[in-house]
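Below, each structure is written out as structure tokens.
Next, two complexes with subunit A in common: one pairs it with subunit B, the other with subunit C.
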Partner chain A sequence: MIQRTRVLVAATAALALGLTAACGGGKDDSSSGSSAKAEFNAALDKVFNPSEKKGGTIRLANSGDWDTLDPGETYYGYSWDFLRLYGRSLLTFKASPGAAGNELTPDLAEGLGETNDNGKTWTYKLRKGVKFEDGTEVKSADVKYAVLRSIDKATFPNGPAYFEQFLNLPAGYKGPYKSKGVNTDQAISTPDDSTIVFHLKQAFGGFDYMAALPQTVPVPQAKDTAAKYKEHVVSTGPYMFDQNNLGKNFSLKRNPNWSAETDPFRKALPDRFEVSLNVNADDIDNRLLSGDLDIDVVGTGVQPATLGRVVGDPTAKAGTDNPNQSRLWYTSIVGTVKPFDNIDCRKAVQYAADRTGYQTAYGGPLAGGDIASTVMPPTIPGYQKFDLYPAGPDNTGDVAKAKEALAACGQPNGFSTNIAYRAERPKEKATAESLQQSLARVGIKLTLKPFPQGDYFSQYAGNPPYVKANNLGLVLNGWGADWNDGFGYLSQIVDSRVIRETGGSSNASVRDPDVDKLLDAAVGNTDAKAREAQWGAIDKKVMEDAFILPGVYAKALLIRPKKLTNVYVNPAYNMYDYVALGVA
Partner chain B sequence: MITYIIRRLLAAVVLLFIVSAAVFAIFYLVPRVVGATPETLATRYVGRAATPETVNLIAHKLGFYDPIWVQYGRWVKGIFLGSEYDYGSGTEHCPAPCFGYSFITRQPVWPDLLDRLPVTLSLAVGAALLWAFFGVSTGVISALRRGSLLDRAAMTVSLAGVSMPIFFTGLIGLLVFSYKLGWTASGGSYTPFTENPADWFYALLLPWIVLAFQFSAQYARLTRAGMLETLGEDYIRTARAKGLPESAVNVRHGLRAALTPLLTIFGLDFGLLLGGAVLTEQVFSLPGLGKYAVDAITNNDLPKVLGVTMMAALFVVVANLIVDLLYAVVDPRVRIS
Partner chain C sequence: MVVGPGTVSDQAPVAPDPAGGSVPGKAIEGRSLGRIAWTRLKRDKVAMAGGYVVVFLILVAVFAPLIVKLLGDPPNEFHQNLIDVNTLAPKGGTGISGDHLFGVEPQNGRDIFSRVVYGARISLLIAFLATGLSVVIGATLGVVAGFFGGWVDALISRAMDVFLAFPLLVFSIALAGVIPDKAFGLSGDALRIAMLIFIIGFFSWPYIGRIVRGQTLSLREREFVDAARSLGARGPYIIFKELLPNLVAPILIYATLLIPTNILFEAALSFLGVGVRPPTASWGGMLSDAARFYTIWHFMFFPGMAIFITVLAFNLFGDGLRDALDPKGRR
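Moving on to the complex of A and B:
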């Protein structure tokens, strides 16, 4: 009861503050509207509690360790969202709720990239007057150095590998630490201090998305300490590191050498950010609900124990938002395992699967997400709504169609196969059990095979020889976009060329040369709209091949911070936009 | 006595050596025996889009292509002589005792262990004082007033303490005392004693109570049973017959004899706790050795797992050694032999 009363008081206070702020300064309301009413999804596509008030401290917590604070290596969405507080990449995503948040906007650069040769060379002009925290002006050479150092995979093995893949680097180039003195102008040239030109091996129409990667955040060579740089990243954003106790906590304070005049969108309202690491996940939820903490920085939603408390309490539910995650939970249907080499056997699985059961296994519509029928989630531009394998009016599967497909593949009485899932993930176990029941209706007998998640892709479900030898016909899988674009989402899960015989690939099943060709064609297209249509066509082709059984378009239930202003979900990160937040 | 101590110390070194070889084999040899290759092991430590070249590079860098005994030898050598680590733009020397570098954070393990130790030490010492005092005194009172309402109430509460796991009592404690009543600190608010003793005490108060609650319960029940057994002995009757005051009979003759088995258990419990109060540290987000171990296991960070295991083994061995020496103080028969 006390908890309820406190929530009510906090909600009322937030309402009052929001109204005050809304009356006082309505500048924030321009983009996609604003809201001050604490209701479910109040910050989903509009700004909740808008305010221009400066000052205060925002308290965040992470249930794990930060992957790394080094912009050259970090590879988590929450980290890319947060990094904009202390680093400025060439481009970034608009700080805006709704669809606009998915659009690229210049940050360190003056404008979007320019290409004169259909996407093989990309030029960016840097803004004048942007400085590092020590007052030194940022030059194009600092951006070039930052990108090149990130290519050293012996030092930064966890970071994205897109620059390594696309840049026209000298043969055998290993980054500035190991390949000292090597001329790299054939990959990146800097004609002057404010111009940087990227030279690619092949045309890439969506290169602007790569220019928005944190790897383009400038790094001063004189201050670079390679793997140790994460201990003190030199800031170009409105905040710089105050304390940094690796694995425990860190804090940001204002960067005196950041100028709002050079920054088109950062308001820099709070004075400080304090981040605790390795905090108990259930404790984070309790503290968020009590107002003792502002943000669960990872942004993947509440724990199962909290879900029931929030959903069952209308007041608590009004303090939450339920964004899409640009992630699909799905099942790979492995064509190298018999009888799934026959497309009709794969289709039998598509028809027989209970989609509602899949959704329930993932926690239902709020914590799990929406029932999926495509590979691309609706948040990826180019998404087309279609369903090649309708599962009946109640989405529990079409048994008659499944039996037809089984007859067509020469297995009218069904067959036996194994289904792999990660042992540490109860939702995957529940999904495997649901599929076991629904496929049994047409005679497909599944044996559950749990594997440790640490080695799931490297040794078991993503290791082709192991998969074949152990008859793993179905593999539970999931994938989130590196960025909200067809390439950023599809390239690692439908391109057969990323499959490695030694294991480790997330593409556990899609092997279609036609899909590879379609991907190559889309990558080289500089027309964004036409490219989006191509991503949609690839999605359809993969579904026609029936290599992927879509399960759930993932959603997360986020607890909206009680004491913060300018709260909204940025769709590029699928979580609250950390750059916009202020303290009430 | 000195010979005894030297003998025990040598045995402890041999034991630690065996533990290190066993743990190393579990994490490095067993995966290879069941089919893992250097590349599949390295895949755990690269990004999700890593190329085969990157995987190969990391397998080389982490030494996975070397024979298992070479890898073990390198690790042992690091402990006694230190080792070198290539961090990209240079090489860092990790002085002895170097327990290697984390595969994930690429930080040396030993400074991490030293950094986490005071947290675990603070938790373990505070909780041990509480449970030793409340556990033993509750057990003594229950034994002396056997069958009374007080005895039954104390034993019921202690049964509850033994039955309820810390991840339950801890979370309930946080919810009630921290978030609803605001009497104790919230999770994750540990402050080192050297920075602010008051905040240190405030942050640890609830973890101490929760941890001590479970242990006190066990100790109360053990003390009660031990006291009841001792108080029925002939020499207690003799002591009473000699006219000794009841307090002297109970404390000097009853409790002292009942304490001997308790001391053994206390040594084991305290040694294990120093190796990391895993659940308590996890629930209260205390950055101690237990939390460090859990995070290391979750991330498959083998050098960290090895380091924390060795430290835990060391504490258990040392705690047992101290307990054996304390026997001589508590039990005169040991002194004579």
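Moving on to the complex of A and C:
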């Protein structure tokens, strides 16, 4: 159930002239309030149960393994949230509920990035007095080293790949392990111990978001053990590793060399954090409800078996929060598979699909999310509400319109095609079964094709020759942004140039040269407001093409920790802010 | 010499049989072994109950479309109007009503009764055909190994060891992953079912093979085989006319006891997602779906009970059959 946010900025991203950091937006900043009353969504936009009390232990559990504790490779939202306890990146997101949580704030750096050539070089000044857990002072070279080592994708295959795409690295550079002694000052220079300068290939206005990646958390070269560094990450935050049994559990204790004077926002209230790994997901829910456990660290919400107990009971429901996930679950309608080369056949699917059924397959309005009608979720700036294919008053599909579209397509009696989904995901299976039922009403017969999720995009549903040869007309899909921004969200799923014949692209269906042109125009626009409007226009164009059947704007139903203080949902991570928590 | 109501010579072959029912004063008929066994089986109430349930299940599987037409809804049809969208549970807890005898599934509202009935088809079809396959292979190789002995026996026996040591579950998961959509002129569910029959049948033949081999080893030394051999009978004749008729009983018993094992194995494979593709209903697949909703009792209860009752019925019937055919083994 864990979904990696697979946003890799394409090479075209480098054209993003002066793409300034536009985020948050939309909602009013009503975040400064606090609340003590336990009610549904009490910790969504304000701090629940505020307190300054120190001490205690916070107990967390993960139903799977931690993707990795190494700041250079970790690529899960929950891990980025948690990592701030033991690592400090140059910038980070504000520790705040509401819209302010989406804003960047300096952490290891003294301020946001400075550029004097329209975004081609970026300079950060480090705070004085920040120390590693062994007492040595953090220098700019440690940040440089941390970024460079993360580039080595043979050692860290699953990490974000933004830096190697944007930095002006020497040709053939493969990271400090393999390319020993290579001068990398043309990519990152460190004029003194507290200054670091990033040199990009092309201007990129949104570089501050990259400076907020965990990959900029400093790593001392002398203590680096490459792929084994995750066994003992050297802390710069208020906590350091006490015990670490990979795959089982780990615990954090206070870092004596962290000083609150160098840290503007970490309160560091509890004494310890204890994390159990590979715990049965239903067991986690039961222990959360009994108070035996504080937090399900992954933050994707309760299991279906728990849903009835939590939602059906008003007291239990008052102990939950229901944040948006900045994520869309959708179905790609593949135009290279006949008869979906005809737009009217694609529209027939849009009209015939039972959207309420789609939502129920994902868990209903609370655990699943809101019924979607656009590609961009409402949390992305530039989102406009529209619905080109109204699905009837109860959102179960418009059979009459679908039949009209089928007739226009020349297939009045319907046709047969296949629907691909990830075998390991019960929600996708339920969705495929639901679409099979709702499309059968107009004669579109679907055969279910489960595929293993590990190779889903590389070999099967994201591999164009395979999709065509095996008639995968519909492909279940989902997408979430690494940060809430129109470019980062859209470029990988609607730009036809990211589709690779060898497979691997998350864009399984959108092939429209006009959309590509609109994207290029938007990326080159330096006016943030105008650009946001352009993202909305691209969204509309993709929906007019009917290449994407939107499903749900994802939400998660989180069980609020009973015994903790300062509980709120940080919108940058869409889950509780682990840095702020204290023990009552 | 006192001559009683029956002659001594008449009584001799059946006298030790406590179930013979030879009533003094009635003419005694000569009875075949099969008839004797049948009489014994009929007296075993537990076994007969198992037998009736088995017959009932087979009828249910055969007439599933008719039953569902009368008492349920199509097995893949959604009834989401019966579902509480926030909890995904059926409204009122289970959704059990006159229209849905076993209630409806959470999330999509499919009729559980119809799915259990249709699931019987998959379970029984696969279990019977897989058992048939393993009986054919096992009996043939077992007789050949036992009768010819020597290097033939050594070869087949080692092959049995290899098959018994095979990590079958792992193998079947891997095989199900690589199997294409179309092969051997089959596609879709038909191909999946054929694959399951092959996996289950092909890898469980050594159990029967070993029994048959052991029986053959002892039978071939018996006087009637020696007699046939001394009269000039050759291998095939002895196997088919002298040995096989005496092997029917053990083969039948083990086949009956293999069926429930195979039902469980099929359910396990379906539970792991190796079985038939959704939305086709199978008991193991239903249990797998139900595990996500373990707080909603009826979803797991009905397919679980179906497996439990079926396996129990076959086991009770198989035990009774063994007792009837082999009175010496009686407890």
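Here is the rule we use: the second predicted complex is superposed on the first by the 520 of 584 C-alpha atoms of A that agree within 3 Å, B and C clash if a C-alpha of one lies under 4 Å from a C-alpha of the other, contacts with A are read in each partner's own complex, and residues count from 1 in each chain.
Please note the rule applied: contacts are C-beta pairs under 8 Å (C-beta built on N, C-alpha and C of every residue); 3 or more make two chains touch, one makes a residue touch a chain.
As the structure is a computational prediction, the values presented were derived from the model and not from experiment.
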item: Which superposed partner A:568 touches (first subunit B, second subunit C, both, neither); value: neither
item: First (subunit B), second (subunit C), both or neither touched by A:364; value: second
item: Subunit B versus subunit C as contact partner of A:155, first or second or both or neither; value: first
item: Touching partner for A:304 - first (subunit B), second (subunit C), both, neither; value: second
item: If touched residues of subunit A are counted for subunit B and for subunit C, the larger one; value: B
item: Touched partner set for A:426, first subunit B, second subunit C, both or neither; value: second
item: Partner chain(s) touched by A:250 [first = subunit B, second = subunit C, both, neither]; value: neither
item: Which of subunit B and subunit C A:164 touches, first, second, both or neither; value: first
item: Partner chain(s) touched by A:61 [first = subunit B, second = subunit C, both, neither]; value: first
item: Contacts of A:207 with subunit B and subunit C, given as first, second, both or neither; value: neither
item: Residues of subunit A that lie at the interface with subunit B and also at the interface with subunit C; value: 282
item: Subunit B-facing residues of subunit A, complex; value: 2-3, 61, 64-65, 75, 152-162, 164-165, 177, 224-228, 246-248, 276, 278-280, 282-283, 286-287, 289-290, 292-293, 454-455, 457-459, 463, 466, 482, 492, 498, 500, 502-504, 506
item: Residues of subunit C touching subunit A in the complex; value: 76-78, 80, 83, 85-89, 106-108, 177, 181, 188, 273, 277-279, 289, 292-296
item: Touch list for subunit A against partner subunit C, complex; value: 282, 303-309, 311-312, 354, 356-357, 359-361, 363-367, 423, 426, 429-430, 432-434, 436-437, 447-450, 452, 470
item: Touching residues (chain side subunit B, partner subunit A) in the complex; value: 31, 35-37, 39-41, 43-55, 57-58, 61, 86-90, 104-107, 112, 171, 174-175, 178-180, 186-188, 282-285, 287, 291, 295, 298-300
